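Structures for review follow.
You will see subunit A twice below: alongside subunit B first, and alongside subunit C after that.
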Partner chain A sequence: MTSVQVVAAVAVLAVPFLGADRYLLKVLTFVGVNTLIVLGLALLFGYAGQVSLGHAAFFGIGAYTSAYLSSALGLPWLVAVAAAVGLTACAGWAVAVPGLRLKGHYLAMATLGFNEIMSVAFVEARRFTGGNDGLGGVPFPSIGPYELDTPASLYLLVWGVALVALVGAANIVKSRPGRAMRALHCTEPGASACGIDVSSVKVRAFTLSAALAGLAGSLYAHTVGFISPTTFGLDLSILLVAAVVLGGRESLAGPVVAMAALTLLQYLGALVPGLSRQAAEAVQDWVPDIVGLTVVGVLIARSRGFRLRGRRGVPERGGQG
Partner chain B sequence: MSTADLLQFVASGLQNGAIYALMALGFTLVFASTGVINFAQGEFFMLGGMLVAAEVAAGVPLGLAVAGAVAATAAVGALIERFALRPARASGALTLIIITIGCSMLLKSAARHLFGPDERAVPAFSEGEPVAVAGAMVQRQVLWVVGLTLLAAVALTVLYRWTKLGLAMRACSVSHDAARIVGIDTARVVMASFALAGALGALAGAVVAPVTQTAYDVGARMGLKGFAAAVLGGLGDPVGAIVGGVVLGLLESGAVAFVSGTYKDAVALVVLLLVLVLRPQGIVGRHLGEKL
Partner chain C sequence: MSLLSVRGLDKRFGGVHAVRDLSFDVHPQTIKALIGPNGAGKSTVFNLLTGFERPDAGSATFEGIDLTGRPPHETVRMGLARTFQESRLFDTMTVEENVLVGMHLRLSASFGLAAIRSPRVRREEREAREEAAHVMRLVGIDRYRDTRASDLPHGVRRLVELARALATRPRLLMLDEPAAGLDGRETADLGEVLLRVRDAGTAILVVEHDMGLVMGISDEVVVVDQGRKIAEGPPLIIQKDPAVLEAYLGEVSDGA
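Let's look at the complex of A and B:
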């Protein structure tokens, strides 16, 4: 880690001690949760080039598993987290293996379909999910007698996990699996000619990426205590892909920063102290427009050769002739 | 289950199937001439319903309102092609698809700003009691849905087979370069197929709105189902799109009739995943010769 990264990490962990109010801490905790999800997607989409429009569903599977196990069955927190991550990883694997046959836009559509199926399931499997009313009373994270029930401790937990995941992802990217992922993003035949097992890399990237989303889901459920199906819909999946697109290919920091910005945009009222309620709501109302315009604008600008910073890799092949 | 019950399910399957067929045609036309899957297709459906609802509320006669909604959405489709996709044409298919996702966010949000977040109702195209067809009671609007879909299919066949534009569209679906060599203005053809996709989507949205109501957020799910129908029939094949739509509609109402209605919305999506993985060329399509 460079000194800049250490300073950034210390700064992030110091926030609760600087007298931030409860609401702001909560919002920043959501940013931490979203950082975890987008990190997985950055590995999968930004590095390995495999698009997923179903990450909100993995996030939801993690959240519902953890919530159900700890509130309905009364299992300890750590067990619930482990089960959530395990189950989401299995779900990721189960989507990735048949998904190997699909490329580009077909994979996008298939994962989108998966997200919609899970959205239906979250609403209809009332016995486990509470249907549209959601699932409440999820206990705070606790190990033995120690319970994390203050906004500051929850913030530290979520960001602690997110920072560990960031360091782990940065290591993956720099090492052999990361190079394999970049290689198959550039050219699949080339990658297999170099002896890379393309299918295996894809499946592992997908599984890891889903597991990270599941971990984020579990943390989210125990942090807010109440979950409902609308959180895990297409909108979030699309927002995540938008963050990776805006953050740039082959970058971890880019998507994380972009996702943080997109998340904070929705809670502008918490960030700018003097902002009136009306102004904050107006901004919130226009978030999809801002995101949509930015995505379209940035992609058009990039395809016309505009680069914010140098980027390796060959240009993609033309699709529209 | 009596014959009348069975016919009831067939009728509702045909109604949904016709809508899916229109949506699938929209996907297929754009895919055939550009190789792009247009994520905004579902929003065209939404715009059709919402525009008719808004126009009727403003006092426009229903027939005129439907025509207006179809025309306006066709224009939206053309504008998206001209100002969002054409400038980025040099990039890969995935980039273009994400641009259409951005456009669909914009359309959905614009509809919420313009028409509000509430569900909107549209009056039925013709008043009156349901009609008895072989013992099953069929709502009059269902006849409109099926009839207008047939009409659109016939019109599209005429366009595709016997007009210069249709010939140019077929040429573009084979090869853009070759089409340009023989003097076809491919940019215009691509724009026309987006406009047509907009018109088809809007027609579907307008004609089904009296039965289902409409809202600013109905686009995404309908888009996916329409895409499922297009894939089921073989993407890029207009006849397949119609077959796929009808089959999907019947499958869905069959699942409701014989299994349960709880997971009705998941049926089409499961079909989509199965077809993508097991038979990506669709039920009537030829082998594509390349991996997807």
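Let's look at the complex of A and C:
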């Protein structure tokens, strides 16, 4: 890691000790949860070039699995997390194997369909999900007698996991599997002529990406204690794709920063002191439009050869310079 | 014993009979050229051998193992490597990274091991970069190591494709018009690289229109026209073959 990255990581983890209030910590914890999901999508979409408009559904599968196992069945937190990640990975694999035969718009439509199906399932499978009323009473994360029940400790848990995932993703993209993803994004025949099993790499990337969303879902459920279907709708999936588009191809930092900005935009009213209620509501109402217009603007600017940043989100230092 | 043995290979695309009953062999440590007029089916032969197309009939065996019907990445595992007529470089990646992708099958880092950057992955990456440097020197592109492929001049792009294919450590290297778009000097350099590769123990099957290069480096030439083999033999004999002259120059009976 470079010194800049270390400083950034320390700064993120220092936030709870700087006297941030409970509400701000909660919002920033959501930013951490979304960071985890967008990391997975950045690998899948930004590196391997395979779009998914279904990541909110994987987020939901992780959240409901973890919530149900720990609140209804009373399983320990770590078991619930592991089961949530495992089940979401399986779901991701099950979507990827048939879905990745499709390309571009067709893959987008298939994953969008998956998100809609899961949205209905979260409402209709009342026995497990509580339907539209949601699922409450999800216990805080705990290991034995130790329970993380303060906003600060939950913040540190979520961001700790997110930072570990960020380092892991950065390691992946600079070695063999990362090169394979980038290669098949550029040209699939070229990649297979180098011995890359293109469909296998795609399925692995998709499964890993879904598993990260599932992990985020599990952390989210135990952080807020209550989940309901609207959180896991298409809106979030679109926001995630927008963040990766804004953040740039072959970048991790870009999508993470973009997703943080898009997440904070929704809480603008509460975060900016002195902003009138009407102004805050207006911004909230217009979030989808702001996002859409920004994406269009960025795409037009890029197509004219205008680049905001250098090529890499993760500078490679150390190793063989 | 031949390294690659093609027998009765046949392929139709709708009404076009692209490859007809084609048979030839490539022997170890030799350079074989596959030549013929445009549209003769040469690239189709490459696609059939490397799993990008399935033949309608016939077989191709490599070191005694049937190649047909295998997906492309498996043919690479068996020891074939190819380049494409139209460049298929990884444009967002540097030259070094392109060559490293060629080493994909010989590296082992999975998503999980790469994520935790285990000592084995670190060592593997370091060794891979050393070997990539060696391949880049062999082909003469080492000074472009950190250049993005999309920023390379055309001639260098062809060489990067060659380096990437060599990085798979093939026993048979298949090059589809490697000299296309190269100037005289670059073509001569390419010829020398190919001879060095052959002498290091790799057989080469090359599709090429530059007759100077073909006649200069090939041990044997196969000539195809409209999907059919019309001649096969050493370059000096092929140059005088009436069927070949006719295919290339049209009618030769009127006093050529």
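Convention: the second predicted complex is superposed on the first by the 307 of 321 C-alpha atoms of A that agree within 3 Å, B and C clash if a C-alpha of one lies under 4 Å from a C-alpha of the other, contacts with A are read in each partner's own complex, and residues count from 1 in each chain.
Basically, a residue touches a chain if its C-beta (ideal position, glycine included) is under 8 Å from a C-beta of that chain, and two chains touch if they have at least 3 such contacts.
All values derive from a computational prediction rather than experimental measurement.
Enquirer: By residue count, is subunit A touched more by subunit B or by subunit C?
Expert: B
Enquirer: Classify the contacts of A:F114 with the two partner chains as first (subunit B alone), second (subunit C alone), both, or neither.
Expert: first
Enquirer: Should A:K103 be classified as contacting the first partner (subunit B), the second (subunit C), both, or neither?
Expert: After superposition on chain A, A:K103 lies in contact with subunit B alone.
Enquirer: Just to be sure I read the superposition right, which of the two partners does A:G137 touch: subunit B = first, subunit C = second, or both, or neither?
Expert: Neither: A:G137 stays clear of subunit B and subunit C.
Enquirer: Looking at A:V245, would you say it contacts subunit B, subunit C, both, or neither? Reply first, second, both or neither.
Expert: Touch partner of A:V245: subunit B, not subunit C.
Enquirer: Where does A:A180 make contact in the superposed view: on subunit B (first), on subunit C (second), on both, or on neither?
Expert: The answer is second: A:A180 touches subunit C but not subunit B.
Enquirer: For subunit A, what residues appear in both contact lists, the one with subunit B and the one with subunit C?
Expert: Common interface on subunit A, subunit B vs subunit C: 319-320.
Enquirer: Could you please specify the touching residues of subunit C with respect to subunit A in the complex?
Expert: 50-52, 71-73, 76-77, 81-84, 88-93, 97, 100-102, 104-105, 107-111, 114-117, 121-122, 124-126, 129, 148, 164-165, 167-168
Enquirer: Show me the residue ranges of subunit A that touch subunit C in the complex, using the header's touch definition.
Expert: So the residues of subunit A in touch with subunit C come to 168-169, 171-172, 175-180, 182-183, 185-187, 189-198, 204-205, 208, 249-250, 311, 319-320.
Enquirer: If we count contacts the way the header does, which residues on subunit B are in touch with subunit A in the complex?
Expert: Against subunit A, subunit B makes touches at 34-37, 84-99, 101-106, 108-110, 113, 172, 175-177, 186, 190, 220-221, 224, 227-228, 231, 262-263, 265-266, 269-270, 272-273, 276-277, 280, 291-292.
Enquirer: What part of subunit A is in contact with subunit B in the complex they form?
Expert: Residues of subunit A touching subunit B: 51, 98-99, 101-106, 108-110, 112-114, 116-117, 120-121, 124, 234, 238, 241-242, 245, 285-286, 288-289, 291-293, 295-296, 299-300, 302-304, 315-321.
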